[in-house]
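One structure, pasted below without further comment.
Lettered A, B and C in written order, each chain numbered from 1.
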Amino acid sequence: MSATATIGVINISDRASQGVYEDIPGKACVDLLNEWILTSFQVEYAVIPDEKDQIEAALIDFCDNRNCSLVVTTGGTGPALRDITPEATEAVCDKMLAGFGEEMRRASLQFVPTAILSRQTAGIRGHSLIVNLPGKPKAIRENLESVFPAIPYCIDLIGGSYLETNPSEMKVFRPKKT
Amino acid sequence: MSATATIGVINISDRASQGVYEDIPGKACVDLLNEWILTSFQVEYAVIPDEKDQIEAALIDFCDNRNCSLVVTTGGTGPALRDITPEATEAVCDKMLAGFGEEMRRASLQFVPTAILSRQTAGIRGHSLIVNLPGKPKAIRENLESVFPAIPYCIDLIGGSYLETNPSEMKVFRPKKT
Amino acid sequence: MSATATIGVINISDRASQGVYEDIPGKACVDLLNEWILTSFQVEYAVIPDEKDQIEAALIDFCDNRNCSLVVTTGGTGPALRDITPEATEAVCDKMLAGFGEEMRRASLQFVPTAILSRQTAGIRGHSLIVNLPGKPKAIRENLESVFPAIPYCIDLIGGSYLETNPSEMKVFRPKKT
């Protein structure tokens, strides 16, 4: 394992991928990672449309070829016809982690009752953890900060890179060995 | 889209479908809808036994032929052998909304620890939202009022009819466009 | 149904099955059952490795041949490569009870943010309820006591043995017939 971790950020949006919208969600993720993570990491980045095949191909590439220990996606998690990110995530994962979706919805429910419409999930592919985030920057922060305390330990368990955070910005948890 | 919305109510119960029990759960749903919804709507109604094929056929008919923007089912969501409503719902839906089941169980847990035995879920078929409710009238109100604030916006997102409620009875939420 | 209930305890652990670790989790489960349950019951017991085929075979044997009304497993529910207990559970169950996993993760989240990494679930096979528990004894208690109030009634609903508890140690809930 190299000393520098790789983290993937994929903005899934028909309009951002066509250049109609500025790619604000992807940039919001990178800003949060820079704010929280102390250890050296590089970012792999993509903006792609809400097409299941293209999302699956990007996730596989980021996990298998670019060795991302963590891949976060933004967008495509709602109930609308074109929202297909959770299905693409499940299609490429070895195992799913239902607790991420539960906790992110619980975090969002403090702000909006429509949080129950989010189908966000998370899962493991090989040595990579994939986490779906919403598309709105404010919601991205609320969601990612609700689950991030468990992410570095999860990556330890699946054999990914060791991540340390700045505890004054983001306190993560690793159980003591027993 | 016609100005008048259509909402389906399906009571799933072996005994109610045989006339052994009075159909109280279905009527309780209609009463709640009348109490909360201001915009014009008509109700499609059925009482059917706990048979997977018949539940699927009724759901498909209500969604595809009768153009229901919302279909609520009552009953058949427990752990017993004949409880098959969630499986029938999943079989006809394009996508599932796990947050509905989570929130309804959380609402019921305030009253009874056996709320975790409920397998209620929700999902989208075309332009229709299907929501499973329990069979007991008191629990129907607790459950439906816990998720209803998100239902009109969900129906907007899937291209169904626009529903407005009486905010003094049921306050719903639609995010501001960004 | 015999007057004496049968409860299965399966410790799923590569190292415990090889004798590298002492089987503490399985014993912790038996201690809790003895502490809480008043009615007569006998325990079926096994320690097996994290192999999907072997877990499935043990679950089927405990449910179908040994007539366990309840089977609790310990271990194998995390995100690591060898953690396969939830998949084996789902493979042998007729129906899944998502509320158990939600409630156990919620209980553990009061103590550790990494609770969202647990993939614990529960399901029904015939007249048996199967519940996945974590591998650490402290977490076993926290998790099992969060869902146990619903377990005897669940077993009633699926035609298993009638369990009564000592209410000063574990208060269970059965709804009044309506």
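Basically, a contact is a pair of C-beta atoms (placed from the backbone, for glycine too) under 8 Å apart; a residue touches a chain by one contact, two chains touch by 3 or more.
No experiment lies behind these values; they were computed from the predicted model shown.
**Student:** For the sequence-identical pair subunit B and subunit C, determine the rotation angle of the Cα superposition and round it to the nearest 5 degrees.
**Tutor:** Answer in degrees: 120, to the nearest 5.
**Student:** Do subunit A and subunit C face each other with the same patch, meaning over half of the contact numbers show up on both, or with different patches?
**Tutor:** Under half shared, hence different.
**Student:** Taking the mean of the CA coordinates per chain, how far is subunit A from subunit C in Å?
**Tutor:** Computed value for the inter-centroid distance: 31 Å.
**Student:** Which residue numbers or ranges of subunit B touch two or more of the other chains?
**Tutor:** Counting only residues that touch two or more other chains, subunit B contributes 98, 102.
**Student:** Going by the contact rule set out above, which residues of subunit B touch subunit A in the complex?
**Tutor:** Residues 95-100, 102-103, 124, 129, 147, 149-150, 153-154, 157-159, 172-175, 178.
**Student:** Taking the touch rule as given, give the residues of subunit B at its contact with subunit C in the complex, in rising order.
**Tutor:** Listed in rising order, the residues are 78-81, 83, 87, 98, 101-102, 105, 109, 112-119, 136.
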